[in-house]
Amino acid sequence: MEPRPRARELGIPLGRFRPGRWNAITDVEGVKVGHSTVIRGSGPLRPGKGPVRTGVTCILPGSRNVFAERVVGGGFVLNGAGEVSGMTQLLEWGLVETPIFLTNTLSVGAVGDAAVKWMVEQNPGIGLEHDVIIPLVGECDDSWLNDVAGRHVREQHVYEAIQTASDGPVAEGSVGGGTGMITCDFKAGIGTSSRKLPESMGGYTVGVLVMSNFGLMRQLRVGGLPLGEILEARYAGLPRRERSYGSIIAVLATDAPLATHQLDRLAKRAALGIGRVGSSAMHGSGEILVAFSTANRVPRESRKMVYRMKILLDARLDPLYEAVIEATEEAILNSLCAARDMDGVNGNLCRALPVEEVRELVARWQAAARSPPPAGPPRKE
Amino acid sequence: MEPRPRARELGIPLGRFRPGRWNAITDVEGVKVGHSTVIRGSGPLRPGKGPVRTGVTCILPGSRNVFAERVVGGGFVLNGAGEVSGMTQLLEWGLVETPIFLTNTLSVGAVGDAAVKWMVEQNPGIGLEHDVIIPLVGECDDSWLNDVAGRHVREQHVYEAIQTASDGPVAEGSVGGGTGMITCDFKAGIGTSSRKLPESMGGYTVGVLVMSNFGLMRQLRVGGLPLGEILEARYAGLPRRERSYGSIIAVLATDAPLATHQLDRLAKRAALGIGRVGSSAMHGSGEILVAFSTANRVPRESRKMVYRMKILLDARLDPLYEAVIEATEEAILNSLCAARDMDGVNGNLCRALPVEEVRELVARWQAAARSPPPAGPPRKE
Amino acid sequence: MEPRPRARELGIPLGRFRPGRWNAITDVEGVKVGHSTVIRGSGPLRPGKGPVRTGVTCILPGSRNVFAERVVGGGFVLNGAGEVSGMTQLLEWGLVETPIFLTNTLSVGAVGDAAVKWMVEQNPGIGLEHDVIIPLVGECDDSWLNDVAGRHVREQHVYEAIQTASDGPVAEGSVGGGTGMITCDFKAGIGTSSRKLPESMGGYTVGVLVMSNFGLMRQLRVGGLPLGEILEARYAGLPRRERSYGSIIAVLATDAPLATHQLDRLAKRAALGIGRVGSSAMHGSGEILVAFSTANRVPRESRKMVYRMKILLDARLDPLYEAVIEATEEAILNSLCAARDMDGVNGNLCRALPVEEVRELVARWQAAARSPPPAGPPRKE
Amino acid sequence: MEPRPRARELGIPLGRFRPGRWNAITDVEGVKVGHSTVIRGSGPLRPGKGPVRTGVTCILPGSRNVFAERVVGGGFVLNGAGEVSGMTQLLEWGLVETPIFLTNTLSVGAVGDAAVKWMVEQNPGIGLEHDVIIPLVGECDDSWLNDVAGRHVREQHVYEAIQTASDGPVAEGSVGGGTGMITCDFKAGIGTSSRKLPESMGGYTVGVLVMSNFGLMRQLRVGGLPLGEILEARYAGLPRRERSYGSIIAVLATDAPLATHQLDRLAKRAALGIGRVGSSAMHGSGEILVAFSTANRVPRESRKMVYRMKILLDARLDPLYEAVIEATEEAILNSLCAARDMDGVNGNLCRALPVEEVRELVARWQAAARSPPPAGPPRKE
């Protein structure tokens, strides 16, 4: 199969900052991503049997033993029609102390159960000399393609996602937790992107990984351009899911030294990035954002009273805000660009984004925008 | 065994409003409670084997098919060092659409997984013509007595808790999710209480059920009286857990017609009730409150645009606020009164509250308070 | 002077729903808007003297006596680097019980003081048989053009804004509280827009009024199109304010029967509308949203226990969400389109949006988008 | 006049930690408090004339120029039926950059206006090279004694409160903003208390100052003891206000190095302290808490990217939580102990707390509690 392009290869205007090496969340040093993809069967739904189009994605936030050396975290709920288990503790303590998992809605329990098992194996003191933990497990609903009620993600998939986690390039589209996900009526799933600030702005990297599953075709905006309306006219006849059961979970990583309330604020900006792609955060759609910074490690055990933390001055936050909006927008578009046509439950067929048409429409806009101003020098109105 | 007294049988002053028939959350019509208690083994911890002192409690919020006929819900997080899965959606939508489960921290995943299985069996349209669901599963850490990392609560226990749920009296103390729980260094667990407002205040019932697992002995206040300091002096030698891994989950039910933001506010008052028993909402303690009203049912499917909802006028809220504080305080004390001595992991022994001493101290206070004022009529200062 | 066009007269794609009669917040029946504009002096800043470029805008939410007959309200804080006094009570009670005022940052106190005086004159029972009130007063910082520290908005301006409030068309641009405000480095201020849903979606009207004062030129998106980058290149030489002291206050009105938690959610979607115009909700920018529904009146005094409230079913919310995003986007663009060049403190000159260039760029996009697809029928990728 | 005792002089059990030197918020180094008390006239209400029983209190948070050298702040809203202007920005930025003022509800605007004037005089760059500011002004409703609608707190009172602010002992009771305030139907107002942790717990000081105006007599708990019920029986005939328009604003200061999310959490514990005195956070009562730490100064202007902040390890928070609960409880009781009988509008007479009866009842409890256990050694149940 010919490789699918990533969003920026289509010429889409994607902001002022440059991506990191992989244009992925793994550009934040130490962050690793692994997927377990579960695809089985086709044709009519046989509850509990399939067809299966699902999986689980695991993000290791900066070190394999995030239990012992926790990272500072935060988050934001744009629309809470969804779940990230462990979110309450994340928002209270401002710490991430487990890997972050992404899966389908009805597998949150099974993934959490397996995550606990793995954590206890890695850290036998859990529940003994150490506190218990609450794993971070986010979800979207993949039921248009997947036998979601069959709860097909099990322990071995969670272990596979953890054990295959690596740095470097990240597989996108219909992989891991994103296997059965859909965005603006096109096939989507996992997408990622990053930005590296210029040294004058601190040189920090911010990376975003999304499991994207929201929106209607007519809402899609690509680099701002309202392409959805055009595609809607062209693809009116495509089958599509009818309930607004979308959602998106976004995970933000940065090496900028942010405090927890700064990470909460950063996560809010990712919500603006989701909005730019066209989301109206529909009633039934869960837009939940999890953020962490690898710059400060918070030890689980310490004899000290006080520690010294590097904190970015608030006055330096604005470039990070812009970077996270850009990277979120691009991560969602990458999830759309990477995914191919997929059929699933009852023969439901979800089409891939027609990337060549997107490329052409963007090119037309670029040509139009590059033309000289209509009437010479700027006029005084 | 001689039955343990409930808190009000000790003469403790527990407020101005009268309890309902059972002095339990089941006094709210339609609410049912079931427990599955898992007790196995004793002696040294053998990870994955036991000793096991845990379980799961299930609250059916007003009807067995809360999926189809949802009830209005809300909640509050006093300290978020804990988890109620599904909380994000509860706070967003203001609806309860699954039973509410209480278990140990590391079994949240397994209980959620089983809850999904049960919900799908009951409602085969989940994930097909109906939306998916996110079960409400709250937790506390019972690791001083229980092999928590063994994740001993499994599917059959969840089913048992659901299937044995009933109205009428509710078992308290070391049962269900409360089996291994401890409060102010005494054995506690599940407790419940209710209040029925006078007809002039609407005649509404409010019920509270807690899984109580917080605090230190010296903090304990009983009907306000700082008995903890006295008991601390007497029981200084008792073994006790050393980390502040407590927590408390409280579930509030009422038949008062409250909107979701009113339920959020009601839940906040339950937090004040927790505080009255001595909680300082310690860093590692998760105080999470879930509330629902059975007065308005919200259909999952409707062809209507608008529905008419009865709403209590805000000016009538204050008696409910007081009632929920009283019932929360009493529910916690009931969990302490009902529980007996229990040993667990590594022979750890948690003592029951010395109820006769409490009775005596309360009686002394009542006698002192009943004495005539020191100097005849109130003096002008 | 030739009249300035409104945004939709420029051909900008502004969504799927149609505006109401005036394309203004006053399309929601009963809502009235009044302005008091204070412009005095020019040249160097003489603190306390001028130049003055400021004012106050007043929104009457559905009836002149909103104190006695309150409306249901809600809100959201996207970035809290700003102030709407009374916001805490609005979010707690879910009620609007005073007019809503918009002014400059350092005049919030004076406007609140005058608002209290006016409220007491209208309702002499305040502080006697009735509760006291906390007026809703929002602000942005107009200090690049205005002697903000001079606190030039005084009692008579507040009274003028109230007394001139009317239904029908609303003056936009450099009027009232928006007199000295700037958006994406162009002159802006007050803008408004509305949407009327089709009858099949309930036929509800939603109106938005903004005091818009945020962003940088390069961030500006117009109907999604990233025109800011193009304008930035052309207008690089323009003087502009250097600190990110922007902000935007948006007031949403609707006749849809929404409960307070639904209005909170609606307000969140207005934040997405702000994001679509290019906002990154910069650190120093206060994005605060106030929402109310005129459909249910909540009496201050009642002998009843319960009232019956019409509530829109959650499943019907999505069109309102889209409508409010569209109307927010258009209200901001209207504030930009209406405002003309303005000079102020120390000769600072803020240029108007070059509307003819916007018109031309939008037309080019429309032409490009209307062209037939590049390769005939949609291709299978 | 004979001096009134402070709460601990009555023998009330007030916790395990010791107060600082002054048992006042001023025990936190650098914190200063000033009052302006406005008392004029008596007899029938003549609107706008009096009787006047009000004032304003000013807390300088650590240095006179908190604008240039800001302190880390946070807060919590227990019940939002009240106002602290500037709260939105405080919760967003986590910084206190103005003094904190406490006054009556209808004077918030006037106090804010005067505070801005004073801030601009002290810092002429405001609105020029510096950002504008939003002063922190909290309120309670004193209308049972005061002509609140007359808005009698004006500019000179604000200046007086600032200019008389000092360290050392703090006047309590019917002074400053607390002049006309009432708690549990007894005269109250301003109260303060502090705790100093042992060196082994960091040696930090936490101070609380309240403007206390909440609750009903029967709700009052003193050191936990439910004295309100006893006093209610004795003082049933006293005139009292009939609407539940109470409120309490609490200001917490500490020299412990806390981050903003830690201060938010600390403020939540002060809410538990309010609850211990008997508050049910009634519908119409505004319980708002503002917290700040003097340990880290955040410069307004800096050329740096990152700063190094000392942060208390979360595991060390619990003693501070307990200390703040204790100090809040004591501060409220101090406001009650210090205030004397006061008459006001229309001859309304609010009685002082009968401190000798409180002393006697507490002594009886202490005697009862000190008696030996009822049955010799602790019995095994």
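All chains are identified by letter, namely A, B, C and D, in their written order; residue positions are counted from 1 within each chain.
Going forward, contacts are C-beta pairs under 8 Å (C-beta built on N, C-alpha and C of every residue); 3 or more make two chains touch, one makes a residue touch a chain.
From a predicted model like this one, the values you see are computed outputs, not experimental measurements.
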Chain pair, A-D or B-D, that carries the greater number of C-beta contacts: B-D
Maximum centroid distance from subunit C, chain identifier (CA atoms): B
Between subunit D and subunit A, distance of the C-alpha-averaged centres to the nearest whole Å: 45
Computed distance of Cα centres, subunit D from subunit B, in Å: 32
Residue numbers of subunit C (touch at least two other chains): 79, 92-93, 265, 314-315
Complex contacts: residues of subunit A adjacent to subunit B: 45, 47, 77, 79-89, 91-93, 105-117, 120, 124, 126-128, 131-135, 137, 139, 141, 143, 147-149, 151, 243, 245, 284, 286, 288
Subunit C-touching residues of subunit A, taken from the complex the two chains share: 13, 16, 78-79, 218-219, 221, 223-226, 229-230, 234-235, 244, 265, 268-269, 271-272, 275-276, 279-283, 314-315, 317-318, 321-322, 325, 340-341, 351-357, 360-361, 364-365, 367-369, 371, 373-375, 378-381
Subunit B partner contacts - residues on subunit C that touch it in the complex: 92-94, 202, 257, 259-261, 265, 298, 302, 304-316
